[in-house]
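Please find the structures below.
Two complexes are shown next, each including subunit A; its partner changes from subunit B in the first to subunit C in the second.
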Partner chain A sequence: MKKYAFNEITVMQYIFLINGAQVGTGVLSLPRILAEKAGTDGWIAIIIGWLCSVSASIFLVKAAAKYPEDTLYEILIRFFGKILGKVLISVYMVYFAFSAWTILVNACLYIKAWFLPKTPEYIVLLLFSIPTFVIARNGLRVLGRYSELSFYMVIWIPLFLLIPLKDGNWLHFLPLLKEGWRPVLSAVPTTVTSFLGFEVAFFFYPFLQKKQHAVLGITIANTLTILFYVFVTFVCYAYFSPDGIIEFNQPVLNLLKLIEFRFLERFDMVLLAVYLIVVSTAWIPYVYLAPFCFSQLLGKQDHSNYVIILLLIIIGMVFWLDPTWNDSEGWQKMVVKGGLGLAFVAPPFLWVYSWIYEKFRRRVSH
Partner chain B sequence: MFDFLKPSKGKRSFLHKQVSTHSNLQKKMSADDVLDSDLSQNTEILQQVFSQAPDLVIRCFSINASKTDAALVYLPGLTNKDAIQNHVLKPLMSSSFELDKELPITIGDVEVVETWGQVESAILGGDSVLLINGQNTGYRLDTKGWPQREVSDPQNEISLKGAHQGFVETGTQNIALIRRYIPHHELMLKEMTIGLRGKTKVSLLYLRDVASDDVLRELETRIQNITVDAIINTGELIEFIEDNPYSPFPQIMLTERPDTAVSHILQGRFVIVLDRSPSVLIAPTNFMSFFQAVDDYGTRWLLSTFIRVSRFLAFIITLFFPASYVAFISYNFEVIPMELLLSIAESRIQVPFAPVLEAVIMETILELMREAALRLPTPIGQTIGIVGGIIIGQAAVAVGIVSNIMIIVVAVTAIASYNIPNYDMSSAIRLLRFPMMLAAAMFGVVGIVIGWMTIVGHLVSLESLGTPYGTPLAPFRFADMKDAFLRFPLWTMKSRPKGTGAIPTIRQGRNRTKR
Partner chain C sequence: MKRKTLLCLSLVAMMMTGCADQMFVEDVSLSLILGLDLDQDDHLLVYMSSPVFNKEAKVKEEKVEVKAVSIRDSRELFDQTVMALTSGSKTQLLLVGKKLLKRKNWIDYIDPFYRDPKNTVTTRVVAVDGPVSDVIFFRPKDKPRLPLYLANLVDTAYRRNVTIKTTLQEFHEQTTEKGITASITEMKKDHKIMLTGTALLDEQSKYKLSITPNENKLLRILQHKTKGDFPFTISVPMESNGHDHWISFSTPSIKTKTRVRYDNHFIFNTDVKMRVIITERLFPFNVRRDAAKLQKSIEKKMQADFERLIKKTQTTGIDPFGFGIYARAYTYPEWKKVQNQWGKAFSKADVNVKVHVTIGGMGTIK
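What follows is the complex of A and B.
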């Protein structure tokens, strides 16, 4: 009966997969971007963004729950026929591949800037692709386990952010809403995009063991993300002055620089290197999903060869394009546009469409 | 003389015997041929079959009462002389009885044999065969008595509080050692034979109402699919049945302690006893179970929790310490505070090698010394310590080939790696520290993190007989965590670990509630 009995994931793995896909390098610059738009009230925008993403996530789960045993591929083909369905799934595939590309490039640029300034980009990406391949060539279950274990391994990182907090000044937050709601609302689009990543849940839903907890799971995943974002933003705002924070490109890293022990100077280097694990849980689901879609398009069972091909393409592109921070930012904007469509527009649309489809089909069959 | 059926012909268990052409018996003989009623004919055939075994004893005598001729056939090295002389020959030759009644043999296990195949495997297996003139059946008498080691302290798994009996080389004795702990009818024993020539007996022990049926089926098919000449030791069997033979990590545990084996049976795992091997296999396992030792359950739980944590610390140190040294010295030196960096630089000032070369050389020398000490006889083995400690350590620093700090790193790593109670796991980790050092030398801290990510990704993708290797961490099982990083008090572990696929029956009742 169950098609994916050997690849089932637990609710915990579902939560950590989604949470992992959401949290990447974006949070390092998030406090600065929010401060530019909404000053120290930026954290309110995160909460509003969370509300948006949670409601979109619930729509998404509801839409996926219509056909609980089907992957999105099968649902789309059922709804729109073979040709249009395949075109739509290719859209998802391209989006996933492009997301994987931007996250990998972004991570590569960070690593280059902080650790390996003289190493060529493609070598760094080659390095990234070793663990990526080891994990993504397996089924979703292994992905889930990896995300789960990674979460436990990095859960101590926020604790170190508490150290600079002792020099923080809580007066920075007062008065609340000093310039009214308008700047806060203007920052909401940014925060909404920082929650992108939950759209992968659409593909993971059929593999979920206890589907009755899907809504709870995706809400918890979003909540974990917002807790982390709000915490980081709070610490940054408390420590940096409202004007000073705008001067730093990635205020979180500047914050980490302050952490120092008698036996370890520049502890931020270690932290940032370990943070790579967090970033890896963001790119690995995408590196898995794009070949997964492709193998479904071709009707193949095994997707591991396509993982190699995708990674080789990414390495080749990096070698050829030699991306810079500006390129990366441009690509990120494109991904965000696509992501907004696939994560916030597509699920409600599919949900409504499935209602109509069911009614229509029932009428035909009667 | 013996011509084995080729495995491709399908049948694999029976021998094809041919009587050599120069013999006066020109017919070909197979394992299914039955015995003749004429004793002289039978002994002739036996001599033909065992013509290349000059140690075969065919003792011809006449049974006292009826003056009937009889022959007792056995291989003297494999049999118990005392049993043959006092319990077989003596009653047969001295007491009077009637042939059609029961024979006066005072031996427990007596069986009637009819075919030559049975006779042959009985003799080769250490039993003796009694042939009586006029009967076309023989008797297999259990007179096994091959050279055997006494049950003694386990050599490789030392424990302070565990039992002092270790497994020996005889499968039946090992099973007996396990049965002594679980005298219960649900303790199941499944026997299989593997190896075309070796005919090794493999016994599966498990609790029927606890252990998972799926795992049992998987294990059985994997063992039955083995087609080899012989399995000499348990390590070979592991290579044939484990899930991922390319992994550096052991997926099946070896132990030579009956108490460890029993504790795993009670948790719902399977124990595989291989005849002729002094250690047994435990499957399915997970990563955490390689960090548990039998002493953990015998000592006070606070202390054993502390020891458990220190073992995981040892794991981290073994894997990361030399690599971090290389990374921090050659790449990310800004992480080390100035004074410390200066003192390290001072100690390294004479060293001609790059940090990674220095580290790899020293770690390799350490491995060489470890291997040398392992192979040498004990009295000479101690000299390795002197050579290693004084000559290599002291002199190499004095000459300036390696730095003092490197010696510290190597020593700490070595001691940490010996803290891991399972030999296979500790060697796996020791092996992995070399690629980690190389990654650190090439990419600094990032290399270490990528290496760690690869190891973690590999660990979570591993399975042991279809059960996840990363449990109880990934997939997370809270109940199983009570016996992972921490060792909770025994009375709190109320259910059996789920990670083994065991039917989650209650392990114990409410102990220590109202006091």
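What follows is the complex of A and C.
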């Protein structure tokens, strides 16, 4: 009998869950960060970053596929024993909780800066947490449905980026590789980290209905992300001059600011409000996973109480800390460091380890 | 039941959001025009024009002049006198006096437009020949209120390429991009307001040169921005009797192509292909028979005009056409050496414009 019969997710839900976790507020500043490092060749670095993340994703699925019915918790306990396994899963839990925290804080700062300058941060976060709780207290299937639905709901956003494109100048891209490969390679770490989020697949894999499509699914998720990133970066580079783009913290929002209709100005505000849905699909999996890990650690079935606790802790922390933009950037850097370890180093390591482990065990059982 | 109460509560909450902190339009002074100028002692003067939403006010427009250290500082001073709270979120025009334009680093003053997300960046930047106060305090009887009049004047003139229209965002692009120097609308008030053409700025964004509406059309063509109408009225050289041969034509299609190579100095070859429809002819001529002759003389005249304009800019060391963008795209190694003194390098460059005219039609009479 299947363990998670009531919470199975389809391949589509799996794709959009991963894609949702990857795309957050990072893309708003991505073109500027890439331009600082690699000029207008930054988009090449995204492609290299995509190659890295796809290969790491495939390792991840392969590692998870060794024990298709087990969550990472059970795999880690099987590999490393009860104590070490629990320690490792707590590392994941802390990482997920901290990721949720940084994404929520970052989204809150955007909302505050752009349209709720007088509302205190904790109220904004309180408003975020109500729908978050309603979704994250349920099982994975509800999360998957939410991610899929919100993907369809926001799929029109890129179309609006085409409007400023008519004033773009393709000459900005020439010559390709202005300064050679070195600056491009120096931007790769940034692009690799912008794909972070696929590590959630580790936990979602056992819930997947058709596991034979897992590799395909995670590749499609990564590809959707790269398409969005490359598209946004292209439009920004075509519109902004190579010297001008580095002065804007979030060039994508500056780009949207230019869109004006006779009946509507300041389209950036409208879009940022809608974009919140996209960002929510990034934080909800983390808000779900941290309590999920915790409930597994305690051996409990229901995780919904821990979701409340996590959200309350986050609201309380925001209340006490009053995060600034600089704080938020610092925390993001920490998340990225942790994420690199857990998403890019851990899966190949686990895959190799599982291979050795199997061999070793077979020898013992003989 | 529980669900229904929840639904009602959230509905009420949604409706209530507007009640707590409302902002009446009567309480906002929208600075639709912002003017910057220097007085005799080189102090910054800031002007504002805002609509008044009040039945009792006879004049529906407030105009204020203050002496301030910056735009943001001027807002406090405006608030001391105007009826409501000053807001920069709808600014239509930014008028800059020529005296200020000639000052070094004057663009530092417009920083709040880019920094404060509440401000708009689709504001039109306009240079004023003479004191800004003349324009701001002008109250024409036959026109709507000044901000609407001026905004519409600039927009429609731009459509016929009488002048250029540069929004703050485009202005930012032009000032940060090393391969082009900025060009903005120019306006003058004698007894009425006139658009006198386009003001060209240098790499430090200081005022350098003014060009006429006719030259502005040539500027737009060389910028490869050939949207809108390009009506020309020129006097063509004909070998017969001495007096002028005036001919007018519209240009349904203009195609510009620029190529660049480097041979100790930059050499630009620009081909302008025009298809013209004759709209007016003040001399007898058989177009059916001698079309080639007419084409030739138009070409000759246009080419001379182009060359005169380019010479003019080269002697002042500015490149409003954006030839530098081509230099960067196609001759990057050479461009890199001169990118910080592009104006100087451009003044030494050879620019060859070749005009190809095809007479597409002579009109409905012979």
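Remarks
Methods note: the second predicted complex is superposed on the first by the 366 of 366 C-alpha atoms of A that agree within 3 Å, B and C clash if a C-alpha of one lies under 4 Å from a C-alpha of the other, contacts with A are read in each partner's own complex, and residues count from 1 in each chain.
Rule of thumb we're sticking to: a residue touches a chain if its C-beta (ideal position, glycine included) is under 8 Å from a C-beta of that chain, and two chains touch if they have at least 3 such contacts.
Since the structure is predicted, the reported quantities are computational estimates derived from the model, not experimental observations.
When both complexes are superposed on subunit A, subunit B and subunit C end up clashing with one another. Look at A:266: by the touch rule set out above, it reaches both subunit B and subunit C.
In the superposition on chain A, contact of A:13 is made with subunit B only, not with subunit C.
Counting residues of subunit A touched by each partner, subunit B versus subunit C, the larger count belongs to B.
Residue contacts after overlaying the shared chain place A:153 against subunit B, while subunit C stays out of touching range. By the touch criterion stated above, A:169 is placed in contact with subunit C alone, subunit B being left untouched.
Looking at the shared chain after the overlay, A:356 reaches neither subunit B nor subunit C. Of the two partner chains, subunit C is the only one touched by A:258; subunit B is not. The single stretch of subunit B with clashing C-alpha atoms against subunit C, selected from 110-118, 380-388, 434-442 or 452-460, is 434-442. Of the residues of subunit A, those at positions 265-266 touch subunit B in one of the two structures and subunit C in the other. If you check the complex, the residues on subunit C that touch subunit A are 21, 89-90, 114, 117-118, 120-122, 167, 169-170, 172-173, 176-179, 325-326, 328-330, 332.
Within the complex formed with subunit C, the residues of subunit A that make contact are 113-114, 117-118, 167, 169, 171-172, 174-175, 178, 240-244, 247-248, 253-254, 257-258, 260, 265-266, 268. Interface of subunit B with subunit A (complex): residues 331-332, 334-338, 340, 443-450, 452-454, 456-458, 460-461, 468, 470, 473-476.
If you check the complex, the residues on subunit A that touch subunit B are 10, 12-13, 111, 115-116, 119, 124, 127-128, 130-131, 134-135, 138, 142, 144-146, 148-150, 152-153, 262-267, 269-270, 273-274, 276-277, 280.
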